[in-house]
């Protein structure tokens, strides 16, 4: 340790400036009960809000005059939810953005991110219960971006695990020196769906669209022999765009969760496509947008 | 750095011996398809096997003569599943243990742990599909322990998120200097169920018992005003032991996932028990066995 | 759906009783700064407290009269830390237990669990900083149990990833029909250490013991050719018990994180024990106590 | 359930086309030992490769002729590492991309993603060991994108937890109806660094740059009173761009991990900025690029 260590507090700095930047509050766990009817409804959603604008004074001079505290952002997300969260998270996103653009002196646009946990009504003593719920696996995600007047909405599905045990194959692909995989016309196809879609309308019933995308996915995943994850992705996109005129395009990210037939023959046990190793990693990752032609 | 640093390779050691010990393979991801009927069935389960016995030679002398490689354990878990995994994971556990006690020269007992991921048949184009599935949230866990002749079976439920939005309170508790919580007779009760139970029979239909425990939980969670997580735990245990004569006792671990009404009044917004902060931590943790009297 | 569905609220129940049970608060994130010296010190620890006693009234009758609210437990963990958390978490555990046994009318014993995150002093501008810290990977765990007068302390290490690239093998093990693994006298040995130990003294410098265990582990992991994970476990235990007279016995849980030489020869590439697949699962799991003879 | 359910296999679909898409292999766990010197070196890295090109035939017609299997991608990542992974992951990324653009008949560009786990040499028996290592908390990330001739490289730091116990405040911010946070000129500042940076040179010693960014971060985090996370972000960027002429701009994502002084006064305990609740969520999220002016 000699003088050659530069001292960050005193060394001469190059000239710099702020590029694109934003700030806000993340992981706000908002839960709302609609209790005006005997049959309660709930919204269980994690919210993040990020604000953009000219925040140079804060960054360069440490001058916080025009900054909303992120604690204020949190209070606002809860406070506005009382009257403002009445239908979909997408609509609430627009409401939040309008507020922050108006309230933050320097805020010119904002983005709201939502991860909505979905709960089914609990089946109890033979019927669907009025005020009890069981959490489901898939999530409804949404990103709403805007300047307070116009908005870009992206909705999505996350953590939806699906598989089929047959009617899927992988054949006819390129053979080259690093290729060792055998071809098959009967494999397990398993994935964890992450989907997102954009809209060609300014307003719609976002929860209803979500439901139609979900149903389209299930219907199409099973209606054909899958020549590849890619071919199935395209077909699902086709059904979604057919059934959801509100949507302009849809993106799928499909990890191909490999189920590898275990070689039990070397131990003298015949394995009739019955026992598999559900390989955690690595996995194929197939992603793409399907758009209107 | 002087000579005072002891050298682990040459310093004189005290006399030691092995205490309780075991070894085996963990996180074996076993997937089985039953394809002999047009309606396929699946088992998706993570398996761990641990073996006990006199393994002193391996520990003390580095002599592996009598050890099964854990890789062999893995091959066996897959290999035996072809013919041996035909019903519940609990039955397969007994099968595995019998094998390992017989096969390992020094193995006197073994334990098999299972985490079974549950999948529902997929709803596609209006009907339940023959060979497509959607993963569900809760898991079926099981631990089977034995010497190859007699077995102790513990089954369980894990990661089941349930909540009710009313009919729960917390009143009349002890007030002392560190107490600040206000009493309430109308709160949200939310938990993530971890349950396990033991049997008073040597054989039964384990999957059927699991289903009855699950239904009992749902039925009882909702059938009363909950004076506390403890009181609800007891009532659920009562129903389970009533409906499942196979079970000797049942244990619940209930995190009390607090949903705290957000104070929006300080911002001039009335919050009619509508908007809550779903607090991630800390949480109350209530655990106990309910047993036959 | 017919009348055969039992109604949990009205069906006749069997006689049951509470078995072993406890409750308390979990995941209390306690952070303490010692700022009386220019060189600040910190403790960053997640705490759980569970209380045992006769809580039958709460379970069976919904009578909370003698229960401490878990919210009170939380307030207490923070409140007592101001004066009571002055050295190790183990000492603070005794302090907490004494309090809860005294304060809870029905509490006869309690257990405190700690996960302490370890931070190193930050190296800044060439020296160790007075009040800045960088978090380290391993954790210091502790469980303290007692009736307020006598205590059982278990301390531990968690999430410590270590590996060596040679001086490890696996040979001479049992060959049977399910065995396919080739023998080797030169493999990578990698594990994630979870250790815990018990004491044969009532009082000691727990942080100092932790440090000696940690050093013993590093010193011994490297000082020999490892014939197996088991043999290395035994040798490390021997060093720990030699260097730590305070400890009566120590337990290690060693996942054997397999690094499998990748078969690149089939592509015409010689792989001189150089490129490996770090297999995430499954893994061998080797566990055992080393005790004084 | 009536005929109104559309059947996805037979309904008439709208016209669609593929938008931006790519595919490849993810979570390839590559481990390399450099054993030609007595002092071994290691690289422990998770790799993902995604390929872009005209894959319409595969998506639209299920024709796989021109597709590399993702299993081939895996074999290649391991196979090329024997001779091709000799220095930084960034360099290996270029090597991989050159290969895939050449090898995939339709591949026009590719992206390689790396998460490199960092290991320190183990301290054993008083010295740094030749072939034993201990894993560290922060990660070295990298994304390399290119058409095989020119490349865009982004490098990063992830999961680096840092904090300082004083010399940080939050004052002078905007007060509005949702604001409740009190001002402070002495708080704990804690974050988990995620950083990424771009280069203004085509070639450089990427590992050396990473080390300089890391050191700059530590040096600057501590060298000033922090008026806000934003102000500290800017200052760190300034030092990085001063010390790393190779870098064109740097982005930081700083969660503000709040440490909230616990109110023990209501229990009669004075808390001299000593005991804090380390709040897990929500957190402020501050993100921005610092660029050359």
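All chains are identified by letter, namely A, B, C and D, in their written order; residue positions are counted from 1 within each chain.
The definition used in the following text is that a contact is a pair of C-beta atoms (placed from the backbone, for glycine too) under 8 Å apart; a residue touches a chain by one contact, two chains touch by 3 or more.
Just so it is clear, the model here is predicted, and its values are computed rather than measured.
Chemist: Which chains are shared contacts of chain C and chain D?
Modeler: The common neighbours are A, B.
Chemist: Sort the other chains by how far their Cα centres are from that of chain D and give me the top one.
Modeler: Taking each chain's C-alpha mean as its centre, the farthest from chain D is B.
Chemist: Please tell me whether B-D or A-B has the greater number of C-beta pairs in contact.
Modeler: Pair with more contacting C-beta pairs, B-D versus A-B: A-B.
Chemist: In whole angstrom, how far does the Cα centroid of chain B sit from the Cα centroid of chain C?
Modeler: The computed centroid separation for chain B versus chain C comes out at 19 Å.
Chemist: Averaging over Cα atoms per chain, report the distance between chain B and chain D in Å.
Modeler: 34
Chemist: Quick one: report the Å distance separating chain A from chain B, using the average Cα coordinate of each chain.
Modeler: The separation of the two C-alpha centroids amounts to 29 Å.
Chemist: Residues of chain B touching 2+ other chains?
Modeler: 6-9, 29, 75, 79, 124-125, 178, 180, 219, 223, 267, 280-281
Chemist: Would you pull the chain A residues touching chain B in the complex into a rising list?
Modeler: 29-35, 40, 42, 44, 75, 78-79, 81-83, 85, 119, 122-125, 129, 131-137, 160-167, 188, 218-219, 221-223, 259, 262, 264, 267, 269-280
Chemist: In the complex formed with chain B, which residues of chain C make contact?
Modeler: 6-9, 11-29, 48, 50, 55, 58-72, 74-76, 79, 103-105, 170-174, 176, 178-181, 216, 219-220, 223-224, 227-231, 233-234, 237-239, 241-243, 249, 251, 255-256, 281-293
Chemist: Please name which positions on chain C make contact with chain A in the complex.
Modeler: Residues in contact with chain A: 1, 5-9, 124-127, 177-178, 180, 266-268, 280-281.
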